[in-house]
Amino acid sequence: MGDNGVFVKRAMVIGGGIAGISASIDLGNGGYEVVLVEKLPSIGGRMLQLSETFPTLDCAQCTLTPKTVETGQHPHIKLLTYSEVEQVEGKAGDFRVKIRRKAAYVDWEKCNGCGLCQQKCPSKNPSEFDRGMGLGKAIYTLSPQAVPNKPVINPSNCRYFKEKKCRVCEKICPVGAIDYEQKDRFVEERVGAIITAVGFDLIPRESFGEYGYGEVPDVIDGLAFERLNSASGPTTGEIRRPSDSKIPKEVVFIQCTGSRDPERYMPYCSRVCCMYTAKHARLYKHKVHDGQTYIFYMDIRSTGKGYEEFIQQGMEEEGILYLRGRVSRIFRDGEKVIVWGVDTLTGKKVEISADMVVLATAIVPQKDAKDLAKKLGIKTDEYGFLTEVQRKLRPVETDIEGIYIAGCAQGPKDIADAVAHANAAASKVQVLFAKN
Amino acid sequence: MKRLGVFICHCGANIAGTVDVKSVAEKIGKTEDVAHSADYIYMCSEPGQQIIREAIRGKGLDGVVVACCSPSMHENTFRKAVKSQGMNPYLCEIANIREQCSWVHQKEKEEATRKAEEIIQATLEKVRRNDSLEAIAVAINRRVLVVGGGIAGITASLDLAEGGYEVILLEREPALGGHMAQLSRTFPDLDPAFSGLFLKASEVERHPKIHLHCYSELEDVKGYVGNFELVIRKKATSVDRGRCTGCGICIENCPVEYVSQFERGMGIRKAIDTLYPSSVPNKPVIYREHCRYFIDGSCHRCEEVCPEKAIDFKQEDERISEKVGAVVVATGYELYPKEQLGEYGYGEIPDVIDGLGFERMLSPNGPTKGKIIRPSDGKVPKEMVFIQCVASRDPDRYMPYCSRICCMVTAKHAKIYKEQVPDGQPYIFYMDIRSDCKGYEEFLQKTIEEKRLLYLRGRVSRVFQDDGRVRVLGVDTLTGKMVEVAADMVVLATAIVPSNGVKDLAAKLRATVDRHGFLTEAHIKLYPVESSTKGIYLAGCGQSPKDISDTVSQASATASKIQALLSTDKLLQDPLIAFVDEEICSGCGICVEICPYEAREMDPHRGISMVHSALCQGCGACIASCPNNACELRNGSASQVLRMVDTFVS
Amino acid sequence: MDYLYFPGCTLYTKAKNFDQTARNCSLLLGFELKELKNWTCCGATFPLATDNIMALLPPSRILATAREEGTALTTLCAICFNVIKRTNRLIQGDVEKRDKINNFIEKNYQGDLQVLHYLEILKKDIGFPQLKEKVKKPLAGLKAAAYYGCMLLRPFEEMEFDDKEKPALFEEFLEALGAKAIEFPYKIECCGSFQSVGSPDVATECAYKILGSAIKNGAEAMVSTCPMCTFNIDHKQSDIKQKYLDFNPIPVFYFTQLLGVAMGLDYQTLGFDQNAVDPIPLLKEKGLL
Amino acid sequence: MKIELTRQKVHNEFAKKVELISGQNLFACYQCGNCTAGCPVAFAMEIGPHEVIRYTLLGLEEETLGVNTYWLCASCLQCTSRCPKGIDIARVMDALRMVVLRKKERKDHIQIPEFPEGFLEKVPQIAFVSGFRKFLS
């Protein structure tokens, strides 16, 4: 209940990925006010990093941009990007949420997103968004069509914060929006229901000793390959290997890296890697016709609509070689990356000296998912995925009324299932508001 | 003369990579009525739209052409941007120079640039003669039709009813539950399927806002989103459901027994019976094709014994008409009939049953009360073979797609079997084990280890009867050995196919289905629960095979979309519809028959054809068929189109 | 600080140079290896068959007698270290087997002895930086490849010696001696072990792959900590030479021999005569002899 | 090339004995082949370690014991350290050796008299002690 016991019919969505966006748009269209809190400077989440999406291979940017623009311009949706939830109190109908608005060191009111500061900024560091495949500036927006199109300064990369030198962006900014003294600000939002859609992360490739602890430069993970393949990525879509940016002719893809491995990593299946790896192999073949792709797998899991046909088409038309077996070791040997695998169908040990290896690493919850759950008072499983109250018949509700979960925060799923899951959460919120 | 603005998008490298955008912008800028010509890397982004807004305010534009990607991507994004500056949105047109130019002419850069310029010039021709139009506001009916009473229909109805909307729930069978009512337990937690379902189904039966019509089908649909007119045929149950208390005396006394389809051919039902024991609603129905009264009038037993006099042989089918604003299609699935599987015995081998058959066997209220026995001689099977991917993943003989749930169902079956028959041995022939959802992989590995299930990676080529046993010819590709099992019983995990009758239901609703009969969603990734026809929503296996938790998610998702749709009292529709030039129209009426949306009507007094502005979808069939060109499309008149053609050919 | 020391049978005979250099270096580093009074062979393999209690008795007897003389026992040979440490872990974890073993060897050992490898002492108790200061003749310019083999590292949960995929202890030791440690991918692969008795040509293949990989990465010498591995990659180089004509042998040192050279031990104690491939030309070339 | 499976065959004595001696549950193996992929001596083996486990599970005693795979295993534990299902494949190989060595015939895998000249002096005792344990009954 609000101050005077009124049920606050305002929703908060934590996480601005495709799930958060879908839920917010549904609630906004339903006439309810939505506060969308996103940790990164702009919304779009993981999908922003993708090049194309399976099974139709339509480009992720083109399908996502209408959604992010719609969210950005939606009269009922209030965007709080570059912000994190600090504290949550109250109950359904009257949650008081304290939000930390991280210092962007750019005054977003003044800034009109002209992009001059990003062009002129001298510092070059491996960009986290590009998974280390390219260099990013200290002052950056995640993509040219970011929503909101407001840059932020990353203090750990910025020369001014590190050595008190430079200040180029301040000089160049036509509207004087740069403000190095900016501090984190706290705001409080009063909402009646919360949807947690904080998405997922990948197991860092550095955790795989048998695959070189991340030190073999040409062993990259799936998201890095997406960046290589993306037209707005560091290599403008050309598949070039990080060590010497040559075009690889022998590419090995390894499924279940860290997934289905109860003894050493994660016991669960990350569900989407079979599909995106097949997509990677096909997109690679579209760009490098004389290249050869190998996919080490155990069980190919293509269960969605049109997925099985997508995989079979890849095998038949693009000559992708599927080898049933795990890879035991990868090490660098001069120019080449040696892969020790097996084909259990012929029982033969398989050794490939590849140019590049792409690991389909396991999906894990975001690092801060567990303590966000603590703040909200909801349960998570041992890995940090948020626990739904009943697996079969109530997949979006938690055991606290008014708090719902959506998307990969609950467990690995592809975009279609994440959107449906998020819409379901939006439905529960609309039902809650309609009943009070 | 209008002051026009042209805004050309690079679309990253998609357009600028082929079309010389700068030179096109410059050349177009020289046209005399083009007051402003600009280009930007991503016109659809926030700064891109800012350029358009400032140009309209600064230069007082009264017409805009945006040269970018296909109108289906960003047409209403730019129309909203234009509207925010007070300009009529329908004076803004899209020139598609990506899909129709840069993407298809990547190797001919000069010609592509020239073609892009011509496309923009043609669109300018159109804008010059566009008039300002207002969107048509249409009243909305705030009730919802849900077709299908399985777990998908139940979930959608409950969400919508709890959200305050009236729901009409149609179920073809005499009771709710769909295939979930046939299940024994659900994976991966093995909780009983029936208890969860019973709870939800009774909630539906009691809910004041849900009007439940069992044993009924949708006969006809007219209208459009917000205003659908339905005709529902309530088949005669020959039982007065008001009076009947569900005591079951009639069922006990009925002399006629026949093999029940619900029990998958392993159990019997009476001529008067409920769909399943303690069904929801717990009211029986007389199946006229089995009832002796209807065959030769030789029996009245149920009428005689019924304490409430609820039997009414004279009852006829009833037709009800309703008006709703949105429709949820939750028609569920059927299993591929094992009778059509030659290599597995054409369904003639009694001990070869399908997944749902085994579920009935495991159900406490099933034909064998949960005991696993061989249908042929009632003995407990010790050699139990499960075969995955039967008619699934089989492009050239059966279904090419994967039915998604059979791996988990079979693992559950094998586990329950091992619990009931500890010294029995389950063999599972599989190709890829697909246990990808939350907790599924752990359930599967734990079951295999603890119950010591033998997973043989390979397909089964043939199954045939051989001296009282079922010979299974399979293979284990991991040892490369042919594998033969003399099985006591075989369970086939047959493919999921759309339930029969979905094709013509979809035709009535003007929703599209794919070649297998699954309903097609608007966009596989971003609009998975909406059909391409506005106002029609899809939930559950009718759209594609999925398990119960995904079905429930999808059902709630449709409820969310509909609550959002019906939250506004007025629905805005595009005004780009047909109109009639009343002087020329001779009232011949050809357009009335030709209109697929029944949007044309003859005005009886004046003898001229009229257009229902809310119904017309602007498809142009009437315009093409009108003998004396009395009919035109708003902002798409023949003269406009001809002028656009001229810019290309001259 | 002195350490109870278990040499192991091979260090008494075919690997005498390994034992000698260790003892003398310890003195120079300020601690003494006090040899266990009565000890027997450690059994050379940890019994993998779960019902093979008999094979556990020799290492258990060593643990029990060592525990009567002190709280920590150190070994040099990787295989002795593996067998004794795994038996210790088994006794700590499996009460039923512990009682069976105790009543057989008539001792009451509770598994509370600490089993250390000599390298662990150098790292934890002495410390590599201090070791670096004590070095008289830094092995400047010597490109040495550290070969771990299997028994030091695996099974990872029981040995807890170093990272199982990319161990670094040996390299730190070599850098402390001033040598240049060569990284090569085969440093954790198997030398063929007892297959030199079962299928000698397979063991030769394994040794060849290891040596080939080290040489390819620029190694001039190999360093090992196990007489079994040293036999397979040192003595078998002559067989390899016959099969692979373009192969040129490189010397194989015990790590204590290199320590001895760095600490300035006299030629006699270094015992290069027992090395199959003569290391002297290389050491001379590096100005270390 | 062909095998007939019955539940007795699946719960055969051979597989039970190997499971008992090695203390491993062969059903846990989902045939991913990681052990074969990482085995340093697999190149010389007639069938890979993962196939030996499969053959044992299916009760194919003659075929399993007929191959050289478990005799070539050097117990280096590379397979065990990488098995995603936590099966100790090295113990299974040892168990297979024990099954043969403990048979009535007491047939040794190696014959000491057949050692070449000077072999005994050259090879360190470790090789003999561990070799004899692994190869002599």
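Letters A, B, C and D mark the chains as written, and numbering starts fresh at 1 in each.
What we mean here is this: a contact is a pair of C-beta atoms (placed from the backbone, for glycine too) under 8 Å apart; a residue touches a chain by one contact, two chains touch by 3 or more.
All of these numbers come straight from a predicted model, not from anything done at the bench.
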item	value
Chain labels contacting chain C and also chain D	A
Longest centre-to-centre distance from chain C, chain (CA-based)	B
Most centrally placed chain, judged by C-alpha centres	A
Separation of chain A from chain B, taking each centre as the mean of its C-alpha atoms, in whole Å	29
For chain B paired with chain D, centre-to-centre distance based on mean C-alpha positions, whole Å	55
Interchain centroid distance [CA atoms averaged], chain A/chain D, Å	45
Whole-Å gap between the CA centroids of chain A and chain C	47
Multi-partner residues of chain C (at least 2 other chains)	164
Chain B, residues touching no fewer than two other chains	445, 478
Where chain D touches two or more other chains at once, by residue number	30-31, 43, 50-51, 78, 85
Chain-chain contacts as defined at top	A-B, A-C, A-D, B-D, C-D
Complex contact set, residues of chain A against chain D	210, 256, 260-264, 298, 324-329, 340-344, 347-350
Chain B-touching residues of chain D, taken from the complex the two chains share	1-7, 10-11, 25, 27-28, 30-31, 50-51, 54-55, 57-58, 60, 85
Contacting residues of chain D [partner chain C, same complex]	20-23, 40-41, 43-44, 68, 71-72, 74-78, 80-81, 88, 90-91, 93-95, 98, 109-110, 122-135
Parts of chain B lying in touch with chain D, wherever the complex brings them together	382-383, 423-425, 427, 445, 448-449, 452-455, 457, 476, 478-479, 481-486
Complex contact set, residues of chain A against chain B	18, 22, 26-27, 29-31, 53, 55-56, 58, 61-63, 65-67, 69-70, 72-73, 112-115, 144-149, 231-232, 236-237, 260, 262, 267-269, 271, 299-309, 312, 344-345, 347, 385, 390-396, 410-413, 415-417, 419-428, 430-431, 434-435
